[in-house]
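Once you scroll down, you'll see the structures, which are given as structure tokens.
Below are two complexes that have subunit A in common, paired first with subunit B and then with subunit C.
Right after this comes the complex of A and B.
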């Protein structure tokens, strides 16, 4: 089985190299990832993260500065760093790599991913980013040095490490939402900030990311049995609540809630709704009202009609080429093919490949 | 010296030996006690095993009488007890638990009854038709009451309190001569005879959410409209609604659940005659059958403002839909919808003819609408923030407006000339013109009358300082940004009706009897809620600091909750958790009661609260009350009594009605009782106004069971399990390896006595050496440690020192006598 895969890969690899020809980007590696039995949720997310250039850069830097660490200190971060370094230092330009140690580590850390069941790619991404943050926060000195390297100082350098640490994972993915609640009686506005690493959006049939974002920050009235306790009124009152993006992240990860819990069925159902995601996204509902512009660079695609089975693949943009990663397989695709992953306007459609997690990068954040 | 009462130290041996490495008992001083625990209190002190909590549910959901009998339970060992409970877990349903029992709330009044103690939401002025009568002002407040004030040139005198609403009074209107109609967040509309001593004539319970606003036609008492959250608007024909119950077989019978006061005389549409004062919580309530108001259906969202014209031929409504809707009140049908505002509509006015409409909105604009043309003909940017209140001169030539920006403006609707009359300290909630002045209600508890030249508004403009109102909301905002805020024409009100400061912050102290409060004036006070009095007034000091200062390392279950939405303390009692707190008689200094008697705080508080009612009731029923205190109407309760247990301990029945001094409530400023019985919805009444004729059905059954039958519901676990181990390295004999169980409130010195007694029984000891102290030991053989203070309870040790879910382990050693 493995041999067979390797064989086809050899062909595919050369195909990809041929297709790129002289355009093969300098120093770039396109490697498929071996599937260890339903680990496509992991492979698809890893590919998207690998081609998230600022994240990869910082992870490789981390790897270089932490190489000396022994096996005993192995954790999810070191495993991921090692895997990325392994890919980037391959002699060949294309091929297949088995992310064995990383997957073993994931299974060790979290029993949810231990089995060979189909897993949710978004849940995995969330788990991974939070684990990375936790690990980085536990090594404050290294974070400080990283910070010093990575731009403007923010307090820790002065030794005043009171405020929560801002790791480079935060710097890439973290944004701030503000939750504004206005009591309809005294009209006092209570604002509460919360951080996020990704945005989970409710979706509708025949909609777009912009309209989903608009719904996300639309006003919700707290009323009837769900009134708001207003501190000023000392009582329950109607209130209007809305979420705004206060600080847009450098890399905006959007998770489309395609798996909806159907109460009458008592199980999750996949929504194959057509949700258009543009290559260039303008974020207009921010607090500062300054539009933030983003470019799409990766899409994790769920293939299949149900939530508990199916397959994950990813689309990645690298050096202006779009690549299609399906576990061991790597192919080039045309940019126009992206729209086939929007979803379907009919409920039952033969096309079951739907964009599930979208990775947008803010180009203007690069130069800082 | 050995005749110690070991009242409830039961011994019981368990099979498994306690964990040997867990014999840590760290005694800390209060400085290491975390504040988090302070606020959490002790309800989480005893952590029971899953088996135990499952058992508790079973226990309270109805079981065999012998088990329910608390005295039997007392006698049984803890382990046996637990096994019984678990055994019956499978075959009993949780239905009793799941149903939410009615709660009893008492509202504590600090000052006299003649002042509001929370913000004023509404105003109404009554001018008698004759020349000789008094003018009256009616105020409705967030404190849940309305008050009537007799007005004279030089002042206002308190003349009556209308107390029946159980939540904020949001609006009030006068109609048909003597009828005062009020609406409240308690979702009721109430009708009062405005000249009575505060008698509620009728309660309408048609609304299902807060009733926010009312409108009454000046010349047609048949039209009163009420609007509220959820978009509910009803149009009432007061004459029909208040008519005696007719035997109608109308299909709408169930829809209208208005309460009729049977003592009320038939009401004519011109006047509501005063109604006998003796039974004014509508206790003998019956369903009003046959009358249902007209519903103005079609609002998609909550309604915050209503207005009608003089004849009641038009009704306008506004709310979070941001549109003014126009209705025909006779049919409840929509006639038009006016768009223009960009936020909630908070105030509306119609001119007497019904052609023009004024609206005030949270978008800070005032708009003038021509209903004939169905369009907005003027928009006035006068305020810098939301407009909450409007009042116009009879000719609709000028409008007075107030709002969140605390400013009162007068605007000439034709010339758009506007002038700032005065600036208040609080947002303005309502306005009422009175002769040439204007009454201004704010979110503060005081009401002020300001000069306004209401009879001749142009006179104000002659004083200068006017500006032209813009017609876009930002234009006014720009003016204020540039610092050219107009100077108010008036500096001082011409008349003031002072209220008392509303309580805005509170903290229940650890002893679960005292509550620290802070009011709008910054005054910090300490209340004893079992007596409903302020025991200390600290003045204007830091609430937080005082809170820290009053911290006590005591753990007593949370037996009540408190809120301050009425500006005063509302203490809520719920069954069964309110019966979870006990104290020793000695700690409450109850004279003539054995010091080891356990006093249930909720039971004694209820007795104190209802003392007046109980006395009057006993006088009424006299000998009819059986010696065992069975309620006459006990039929309804018989099904529940199975689950109840008699109070253990203090047996004698003569004692039952006696109110102990720590639970004596003030008669001068009595608390108000708010509760709900098996019928009629929630009611509120001063405890001293309960005259004993009230039907028992108006009280929650558990309250009656407690105060009349001396029966308490099965309690949360009042026991605490622990092990007694000799101190490591100590040569003291080992008393027992088993688990012990005792009341949570048992003091450590009792445990000491127990140990001494056990030792002495085995081997007589030198009397000088038996002041045996507890020296808890640390692992690792350290020997000297702080000793547990003798007067702390097991619950306190558990919550503040042990801090672990496992059973408490107490170590003891002998201290050599000197």
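Right after this comes the complex of A and C.
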């Protein structure tokens, strides 16, 4: 069935090959994804994940090891692995692939995505990553073998039983936030850690991602209705709270909260705010002053003026070239084109293509 | 439709706020320790302009203190502010009668500051004048300081000293967009340089453009027809630029290496400096013309000795590209701003970042020292020199800062000679001894750089800002979409006065000023 799904070679495909010429990266494939009726939310996220090289590499390794162990039950992970393997093993360098089986599986797993309505790409990414983690956690023998190879701390092959597993999906995307609350009466600081696979940031007009991250970690006072129960004082107290990043993830996924619920309208509204994002980024809101630099490698873009309709496309960096994926179409774009997806400084603007999910990679961690 | 002719005669803060009525939430003044800065008037492109390219280019503004053609070649340094009365008569003579009796006033002396960029580096071949054929003075009234700015596919010239919102001259480029420009009052006959998005560079006489009634460039010299596409190209007054593809220069072998090639014949461009990979976003000559600073996509600030063509020093931003840079008048400090939302202060003496200004909520797009600002109670000598500088950002804010070197403290002091706790090759390793000539510093750690807080934070436009200029009388803020606001200083050229008197003083001085006009 694998060969059967390759569609006709699009004009755009050959154009891309021509544009890349001798610079076409060895062994790399640039394939558009067919749209099965409003599945652009899925396609745009899949492209971003495909060009997340460490994730792709490990997924392909998983595919190979899984295949050698005989036919396993089909699940979202095997479908994704199959799709990635299908793309990477294409004879042609460019073209279009129909991610039919994967999309069917997504619809089977989650009724939200079953209809043909416009879906939220961030919700989909979140669902997908959590599903992958769940599936991997249910395969203890595989996870331990991964851990034995990759895990620096979890070296005990037998000690996996009830411990929270650190799968390779975790290793790529998971970071740890620490929620520090300081009771204003007894000054005791209570720190509570929580893991995250992506950061959802509130946005402001004419701001930068760095500034949104700073706001994310700004100190918030809990008072009045919203007091904090201090264990030491054994009562509700005023407190100061802030979120810091304790362990920065290897792949930092930032979700811009562009869809805001407006209470007076009783519906979501899209914020077209201009939020600039640099190609290189450092986190200033970390517990340890980690000066490691992230670089942007993918942007999922929402096109349209409202939350319930529109389109998703993605920008992806591969081998120092930027590519624009719009379902079936793939084309090369200049790095400077990224700034056209920052948003609009005015509320009503003809530009409706806005960066929605940003994928940053830490090169320091790219040692495998 | 929004002609501000009504406000021409009634110069008061009321009219200024009237001008600003279309932008609710924006204040028409901001307070500093020395008094209130007030929005005096605005400059923008004609209201009808809705070109397809509008919004795709970023407006930059250049001050052009148009100087008279020096008849006796007084070799006046452009750093000297103010012009003798001898020039006034010469100006009148040159411009013909009528309203030409107005003195050329270099009130916007900071334009001189900017134009100094070219002065000392200007090469002989540019000096040849072809502006002798002065014909009439159609819409050119001969006032001194002009404001040149680009919007979409057009370049506009406004009279800085008039209240008129609309420009007095527009030049349209049909196939390309002007993206940058520079002015040198001493570059006779070719005092205005214009760079296009196609990589073309033109040098023209501003006076000649103002005298011409058409909408095209006249008497332009054209350089760099090389088709290199780089929308952020910057030019200097020699017409040098970091381009590629000019057939008269050899192919760049290694894009990552700094290399200079000279033209084989004495023609322009005379040299090609290949500085780094990616675009160069800003260049600035030191006041004495000795050094040239560049900032670019790779995040590095670089300082070159212009004559010897050697890299002197430089360093990386905290992260991301650098977008703008500017020298202090004494050449001791360079400001740079960029995508890390920081304003960095680079010391030429220490060859490193000595302070980071934290306060912008988005990228820093314009930085400049206020060379007209006098530190309170400064005796001009002591060690503790205070500098005032400003920055504008894509957060639509203007920030003003004071830099007082004695107050800068490294957040975490390290034991001299290096404590055992730090092992990374961070900048602090070079803290005591300046690094060798020609080395680029890595991005410093946040712990190693003292932080500055802004003195003033003021939201000045609704659009992201792109430029900042200081003149003796005012601060000019430029937004990407081509709106320029002129903020008058608390008191022009006078000793600081009590803040309670400022309002009355302001209004009287402004009345005086409008009477003069």
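Annotations
Here is the rule we use: the second predicted complex is superposed on the first by the 345 of 368 C-alpha atoms of A that agree within 3 Å, B and C clash if a C-alpha of one lies under 4 Å from a C-alpha of the other, contacts with A are read in each partner's own complex, and residues count from 1 in each chain.
One rule holds for everything that comes next: contacts are C-beta pairs under 8 Å (C-beta built on N, C-alpha and C of every residue); 3 or more make two chains touch, one makes a residue touch a chain.
Bear in mind that the values here come from a model prediction, so they are computed numbers and not experimental data.
By the touch criterion defined above, A:262 lies against neither subunit B nor subunit C after alignment on the C-alpha atoms of chain A. Of the two partners subunit B and subunit C, it is C that touches the larger number of subunit A residues. In the superposition on chain A, A:184 makes contact with subunit B only, not with subunit C.
Of the two partner chains placed around the shared chain by superposition, subunit B is the only one that A:235 touches, whereas subunit C remains out of contact.
Once chain A of one complex is fitted onto chain A of the other, the partner contacts of A:278 are limited to subunit C, with no touch recorded for subunit B. The touching residues of subunit A, when paired with subunit B in their complex, are 184, 186-187, 221, 223-224, 233-235, 238, 240. By the touch criterion stated above, subunit A contacts subunit C in their complex at residues 204, 206-208, 210-211, 274, 276, 278-282, 284, 289, 291, 293, 335-336, 345-346. Looking at the complex, you find that subunit C touches subunit A at residues 231-232, 278-279, 299, 318-321, 339-341, 360-363, 394-396, 443, 445-447, 462-464, 480-481. Residues of subunit B touching subunit A in their complex: 167-168, 185, 209, 229-230, 301-302, 304, 320, 344, 362, 385-386, 404, 427, 443, 504, 563-565, 567.
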